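Chain lettering (A, B and C) follows the sequence in which the chains are written, and residue indices restart at 1 in each chain.
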Amino acid sequence: MTIQFNEETFRDDYSFYNSDWAIKRFPFPFHEDSYMYSVNMEQHRGGPKGSVYEMRFDVDEHYVSEMKDRELVLADDPLRCQSLPHMTLAGWDLLELIMVSKSEDYPDLFELHRDGNHWRWINKPLGIDDTFTFLDETTLPYGPMEYITRQAQGDFCVLDQRDEMLWMDAGMVTTQADWSLDFDIGMNFFEWHAPVPLAHEMGIFKRALKFLLNVQQGAPARRLNWTMTVNPLLDTSPENYHKWGIQKTTLTPENLGAKQHLRVELQTFFRLPRSNALVFPIRCYLISFQDLVTIPKWGRRLHRVVRDLPVELATYKGFIDNRPMMLDYLSKFDDGLPTSPGVFPDLDTEPPLSG
Amino acid sequence: MSKFQFPESIISRPVYGTLTSRPGKAHLMIADAEGAEAILDLAVQDAVLMAKSHIIYIPKGTGETYTTKLRALKPAQFYEGPSYEASVQRLRHVLANAHQGLQVYLAGTEGLMGQAQNEAMQAGIPHTSIQTEHRGSVARRMQCVHCKGITEDVMHDPFQCAHCGLHLFVRDHYSRRLAAYQGVRVDAEDHGNIPEPQELYS
Amino acid sequence: MSAAPQKAKPGAEQIPVTVSAVVPLNDLVTRFEFKRRDGKPFPTFSGGAHTVVTMNDDGRTRLNPYSLMSDPSDTSTYAISVRRDDNGRGGSLFMHTRVNVGDEMTITYPVNLFSLDLRARKHLFFAGGIGITPFLSMIAQLELMNGNWELHYSVRTEALGSYVDELRYKFPNKVHVYYDDKSEAIPLEDLLDGQPLGTNAYVCGPKGMIDWIHATAESAGWPDAQVHSEEFLAPAPGKPFEVRLCKSDLTIQVGENESLLEAIERSGVEAPFLCRGGACGQCETNVVSYDGEFVHRDHWLDDEQHADGSKIMPCVSRFVGKSLELDR
């Protein structure tokens, strides 16, 4: 498979777009017509061919543009990438994991040549051809985590595991759903999740942590999370909220289909071998409402989910004020027909929108 | 003085306890203002504790009220400083030369306890073994999430960032590493619409 | 989400291996080395990790955890050292008497429940007897990173001091050995006194030694979070008992020399597990009803849970009494 990389932006003129291919493989997060927090974790061992679940690290048409956007964010605010001193080894683990996975999964795009600790890494889409010594920081232009995550889509949290607990001790975070790495670094699993409503009381984080502490080498796991974003803005950070917050008020019934985006995070979990740390890649996918409703099943279902979502969740996810307008728009794509179970489009079996 | 009961909140918000004497080869106590009362109470619990203790105290406007009483405890070392900032060099030196088994006791305002806790953590003491007891002012140390500047002794919500001037609302989300709560622009979605500031916990 | 539902397999991922060396070290301890059958490199691992070895003992499957003691960065060979336990359930006896060079076995991917705190200013290791094994891989890892460490190793006699010579030769200033038969003891109080802030202590050895070090460190004012220990609980033999598995609608017998988990597996019921040593929590099973006494031996459930009889960790714990029904 050769990927045609989009020329697009995630800021200013927002020229971001999804091809038909990207729309059909979009990780729609709702497997039924309603949504509530749950310990929704499963093994990350591939998935249907061509889906975003197939490879360990999905690479798609947005790769090159997303990496350019990350560069801009980091130039503005280097604190988006931080690693406490004891996490350097985990950074090397992560570099190895990504280089090995990408070169095996996308041999036409990435190559890794290893001779002992002497490594050569070729990243064709970004035009990189570097030679370095594994485990020697002086041979890379950045620390190992920063080096490799400047070349990998999505955010990365690297968690140290100590005292039956995970600690957010390193990360590259530029495409986040309104949380700050600089603020959260050093916190434990319960502390960085503190602002999330309801889930603590439901016991979700206790059970999720037990599961994560036991994620083993060679047996990665994954889950989906989602929120809403006005305009295809990757960097919805608290740091810049004083600038982008106002964009939420620019929605009108006419522009909503194009401006309102469903934002889905494919979150994966890998145990890192040398450091025993856990890496948590958070890959963000955006889709406009108008593109999403081209899949009849998804249009029907999204309307029902948004309509019935508890107020606490709509508030936390930041779209409570816009919910009525979103529902006006989405209701036009819900004819009340039942939907098939599961997340996939089922274009061949699901009926087109009636009436 | 009775102790202030903070309302229950989210998990990242620190919870303070009551200082109790723990076994240890050396004891380091850092307090500001009314925090002295917690040290005085601690001394009552354990008659031999003070002989192995180093007290760092910042009166912060309480004048001589507490220093005489603290000195009277006859700690092995006593230091009175004009501000926390002025005491930091001394604190770092003490921690750099300390050994495993050192007990750290913090008392007073959240800002002081948070910053001193951070120094002790950097020096290698797990935060779970550092004792804290809140006394005195309930003012908060706030970080502006936008400009990263710290505003000390915040008593109102919303408040104005001392650095960038934005009006920020006061969150309960707390960072041990920054020793600060998070402040976020209050009028981000409606520029200029700034609610009347309310005193914290009122 | 269930993009592609897959059934989770219990336990860690398996690696088929061939026994490449069997090296008796002394009367009690033998080292076993493994090569991968598929010729690929082994995964690297972190110091203190263990692997679970599957033994096929005349049709009976035994699964025992052993610390990986090889250099974590050596991906050509994995090594474990096994102490013969003549009173145990037979896993170590099987390794000692039945396993030969060239045998095919299966081991799991490394799992670490005893890892280094990489923030530590200094790592202070305390080993008792065969408890030396996790420290061998930790030391190899720290040497690569220029880590600051010190080992205090207590052995019964000179003849039984596994790896003493090698360690002393390589690290003459960092390794300290104490012989029981010469009435030498680890000068613990002195050692705990005067360590720089941020020192972490690690203990692996008999339960008495672990308890002693925890208690002494606590009274010297050490933070609990800076004293780490690993005690591998081999499942202890015990009286046979009968268990009803409700979900599977089966009644099974647990033999004297097998664990409850092994008996469940033998009956064809799939049950989750990871460490098989009472530490990871993976095998936690709800008790539906019981009439008798639990013999809880895990480190996972708290005292309250042990007392109320609502849960059992079948990898190490047993039951004595009239009847036991499990939600499995």
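Simple rule for what comes next: contacts are C-beta pairs under 8 Å (C-beta built on N, C-alpha and C of every residue); 3 or more make two chains touch, one makes a residue touch a chain.
From a predicted model like this one, the values you see are computed outputs, not experimental measurements.
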{"item": "Selected pair, greater C-beta contact count between A-C and A-B", "value": "A-C"}
{"item": "Label of the chain whose CA centroid is most distant from the centroid of chain C", "value": "B"}
{"item": "Between chain C and chain B, distance of the C-alpha-averaged centres to the nearest whole Å", "value": "42"}
{"item": "Rounded Å distance between chain A and chain C, as computed from the means of their C-alpha atoms", "value": "37"}
{"item": "Touching two or more other chains - residues of chain C", "value": "119, 225"}
{"item": "Multi-partner residues of chain A (each touching 2 or more other chains)", "value": "none"}
{"item": "Interfacial residue positions of chain A with respect to chain B in the complex", "value": "79, 180, 182-187, 190-195, 200, 238-242, 245-246, 248-249, 321"}
{"item": "Chain C residues touching chain B - in the complex, by the definition given at the top", "value": "119-121, 192-199, 218-226"}
{"item": "Chain A-touching residues of chain B, taken from the complex the two chains share", "value": "10-13, 143, 145-146, 148, 166, 171-173, 175-178, 182, 184-185, 188-191"}
{"item": "Interface residues, chain C side, partner chain A - complex", "value": "1-6, 8, 12-13, 43-46, 49, 72-73, 109-112, 115, 117-119, 141, 144-145, 225, 274, 280-282"}
{"item": "Complex contacts: residues of chain A adjacent to chain C", "value": "27, 29, 31, 40, 42-43, 45-48, 51, 53, 84-87, 89, 135, 160-163, 210, 213-214, 216-219, 222-224, 273-276, 342-344"}
